[in-house]
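Some structures are shown below for you to check.
In the two assemblies presented below, subunit A is common to both, partnered first by subunit B and then by subunit C.
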Partner chain A sequence: MNVAAIDAAAALPLRDPDARRRLGGALLAIVLLWPLLQLAEFRPAALLDASNLRVIGNFLAGFLPPATDAEFLGLLVRATLETLAIATAGITLALFLAAPLAVVATRALSVSAIGPGPGRWRGQALRAACRAILTVLRAIPEIVWALMFVRVLGLGPAAGVLALAITYGGMLGKVYTEILESTDTRPARALLAAGSGRLAALAYGLVPNAAQELTSYTVYRWECAVRASVIMGFVGAGGLGQLMDQSMKMLNGGEASSILLVFLLLVLLADAISAVLRRALA
Partner chain B sequence: MKSGDDTCPPAGPADFCLSCLLGGAALLLAIVASFAWLDIDFTALATRESAAAMGDFVASFFPPDLAPDFLRKVALGSVQTFAVAAVGTLLAAALGMLVALPAAGRLGAPARALARFALNLLRSVPELVWATLMVLAAGLGPFAGTLALMLHTIGVLGRLFAEAIENAPPAPESSLREAGGGGTVAFVYGTLPLVWPQVIAYSLYRLEMNIRMAAVLGFVGAGGLGQMLYFHLSIFQQAQAATVLMAMLLLVLVVDSLSHLVRGRLAG
Partner chain C sequence: MAFATHHLGLEHANGLRALHGLDLRLAAGERVAVIGPSGAGKTSLIRLLGCALRPTAGRIELLGHNPWQLSARELRRLRARIGTIHQAPPIPPRLRVITAILAGRLGSWPAWKGLASLLYPADIAGARAALARLDLADRLFDRCDRLSGGQLQRVGIARVLYQQPQLILADEPVSALDPMLADAALGQIVADAEQRGAAVLASLHAVDLALKWFPRVIGLRNGEVAFDLPAGDVSNEMLGELYASEGRVVPTQANDPALLRALGGPDPQAAPRLVRIDSCRGQG
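Up next is the complex of A and B:
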């Protein structure tokens, strides 16, 4: 290529060969986005509204310094322990719900899968029913369950524990089923083919291979449950969330910032505990 | 149990494991302590009266309110929930990309540390807490929910985008730079096309989670189906609440099957 050709190429205006398609795409996106923005009542001007600015400004100004009086700190410690207790108790109850359902629902313990046997359809129907129960249990978010339980049981941790038990029972059950099916099922099949019962095949054929993965997932779920139990407090299910909701409704910035700090520390702590436990199991 | 073992280890005292025993005891203690601390009277839950109260409460949800007027309201609430999630996710993806550039180390080490810290902070505050704050900042309504979802999602997507940018092969961008392209052009035509599929996949995945979240953000006054559910439950209109619950379930199921479809297509 000679110098003249390079100069000629440089003189050409840069243009994107795909410009027309990109422009069309952008226009289409705006046309689709407009009704969505309307529906979401997207009005950034509301952020600059004088009365809103005053409310949030005063609230945020109260964040510093965080509240540290002895009485409030006592409340905070109790709420933190309550949050941890809700998560632990909820996961324990969820385990009692999940483990039996998972054992019934898993295909790894199917006798008829080894060879065509009697009762094949019955077994399949039973497993499908258990799977459906697990799906229903986890389909509704835990905070919705908590909201309903608060209506029946009143404010307090009982609603949170039951809500966690139901949703996390469904999640744990589904994942346990999948873990049992994805490990090496040959030992269990051999046991079943040799005529052992299902529980014996589970205990000696499946659990030794899957135990580490099962425990590790349960610990991870406990970590999620700590977060969830804080969130559920916002609808009155006890713990840190309830305290935070009260402080925010009273626009007490100092208390809110203390609670937020404790919450962040708690999440970090749960993260660390869960990581250590899971590394110890690996 | 190791898979390579030919001989079985001897059973008996060799299987004794002190740390397992102590760990198990600690776990049991934690569980017992939790139940003791909460002091929930489970026997009171199992009495005939409370079972009857529970039964009455459940029965009051049926039949759901299916009047055309109310159904229209619920449909509007569902669409609003979707709009909140879609707008929040879109804004978060755009802003997350902007923060991801410094977080990927494009503007030097101090900017990287600062951007990472900001993303961590945004991510560790849950959506619902952001929503209570945004209700104060922007007033009641779906706009507060949009902002709350956006703030949390910036933290999540920004970190994922930053990692995608850091892991992208550097050759296309550096060859554009060496051929004389500017920094922006080199990034847009060299690196962006490489990370684009990941950006789309992460954003869609987040959209799916945000739709579920948008449905419950209304509990603190941030619009959509959640606000309707909270409202009707607090004035003891369970029939209406049942309709809203059904709409929530339907929304989640539709989103689940759509995302399954899209993911299958993206993978294939």
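Up next is the complex of A and C:
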């Protein structure tokens, strides 16, 4: 280091120049959060009130013991398979929607950003359009789509599958876009700068780094789809939800708790699948 | 002509001036080494010549084209004719060595061929031959995260050898290799370029390697050309001046104490250049 550089270093203050900005950010977060908690009527003390505790206790007591009669178990197995089918078909369709949109929307595969080169504005407009599509797809809750499709296609799983495909296509696409941008993008950039195409740069430069995360998020979304298909069952889209709806309406807590146990098993299954796939891709 | 620059300048977004007023030409098939202290602008120059950065002043002519006036399609075709060896090889660790090497031709292969090659390698023989030049053929089907830093750097070189570009840009291509391997790897780059008539511009940390393998040497300092001469005309005084900010210590492989010990000290008969450079240490 030469003399001038040492002098310049000595002139720097012995304080973290970013400290004030960080403190300001923390204060701002608190100031913003407080009215939100008020608005949400967040009063945890109400849970511990004696009469409320009794209500909770009675509600939970109705769930024991879980129903195990053969006829109900038959229904349960059928409904479980239906739910799995809805979630799997929905996620598969969602993938076909999400993957192309994410590839177009991600900045990590922008050729025109290198330099920047020709077609930069067109590229930015195209990415913004894809992001807008993804936002619209996921902004409308799947239950709204399900209500609409039940009207068009009639009661049954098909409505659930389509509703999941649309909403989850939007969610998967958005998160894929961001995962691709947050991994090491230098390999893909180097390939693009050596004249390779976008798909090749994706396959050789980005996916090898991001495969684990992409898979784990997709399996997590499949797990969410299993739960979402239950809610959609309440509006007649089939599966465990429809069964749950009937049990709750008949105030049959035992059946409801059997159904909940199945959920627990399904979530554990999703975890196991995720772990196996992540190990395979490690 | 491989490239010509006219008053080429680069200023970063934060106002830092990386390069200023460069007028350089490289003939087709010519080889030149770029040396200079760290921060001199060697990497910036390579990124400009590789069309990875756009100049903020002046212009570049590359293989007969002005890259920034081309359409997106033509620019892509031009980029496929230039091969950059990066100092840190941009290779995902989970990739297999063969895939990393075959990726060198993604610019000239149609998209379907690149994707199909992930299912079954499209050119095992070609990748093997490129890797064999760097004495690493036995690791062809290993994963890149099983390689050492030096081995990975050689895979990065093999990728560009497999690409067969008309202009090879090398950014400290042998910085992670020990002296013997560095010498051999540079020799392979030079041999490949001579065989195919390709031009080479390499930035090098070790001045002795630059003088040994390159007929022409450019000294870069503070983003400007300090000298641009045939290797034989580069004097110790010029080198000392070039590295003035680093205490006039001219970096060479011979400065590596391990190598000096291995050689049993500098031998004037065996390595006259090493000694010549070494002798300028401590001048001024």
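Note that the second predicted complex is superposed on the first by the 177 of 282 C-alpha atoms of A that agree within 3 Å, B and C clash if a C-alpha of one lies under 4 Å from a C-alpha of the other, contacts with A are read in each partner's own complex, and residues count from 1 in each chain.
By our rule, contacts are C-beta pairs under 8 Å (C-beta built on N, C-alpha and C of every residue); 3 or more make two chains touch, one makes a residue touch a chain.
The model shown is predicted, which means the values in this text are computed figures rather than measured ones.
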So in the superposed three-chain picture, is A:133 touching just subunit B, just subunit C, both, or none of them (first/second/both/neither)? neither
Once the shared chain is lined up, is A:273 touching subunit B (first), subunit C (second), both, or neither of them? neither
What is the contact status of A:75 with respect to subunit B (first) and subunit C (second): first, second, both, or neither? neither
Determine, under the contact definition given at the top, whether A:195 touches first (subunit B), second (subunit C), both, or neither. second
A:208 contacts which: subunit B (first), subunit C (second), both, neither? both
Which of subunit B and subunit C A:111 touches, first, second, both or neither: second
Any idea whether subunit B or subunit C touches more of subunit A? B
According to the stated criteria, A:52 is in contact with first (subunit B), second (subunit C), both, or neither; which is it? first
Dual-contact residues of subunit A (subunit B, subunit C) 208-209
Contacts from subunit A onto subunit C in the complex sit at residues 2, 111-112, 114-119, 184, 186-187, 189-191, 193-197, 199-201, 203-205, 208-209, 211
Any idea which subunit C residues touch subunit A in the complex? 50-54, 68, 70-72, 75-84, 86, 90-95, 99, 103-104, 106-109, 111, 114-115, 118, 163, 245
Under the touch definition given earlier, write down the residues of subunit B that touch subunit A in their complex. 1, 30-31, 33-35, 37-38, 40, 45, 53-54, 57, 79-80, 83-84, 86-88, 90, 124-126, 128-129, 132-133, 136-139, 141-143, 145-147, 212, 215-216, 219-220, 223, 229-230, 233, 245, 248-249, 252-253
Can you name the residues of subunit A that touch subunit B in the complex? 33, 35-37, 39-43, 46-47, 49, 52, 55-56, 59, 81-82, 84-86, 88-89, 92, 139-141, 143-144, 147-148, 151-153, 157-158, 161, 208-209, 227, 230-231, 234-235, 244-245, 248, 251, 260, 263-264, 267
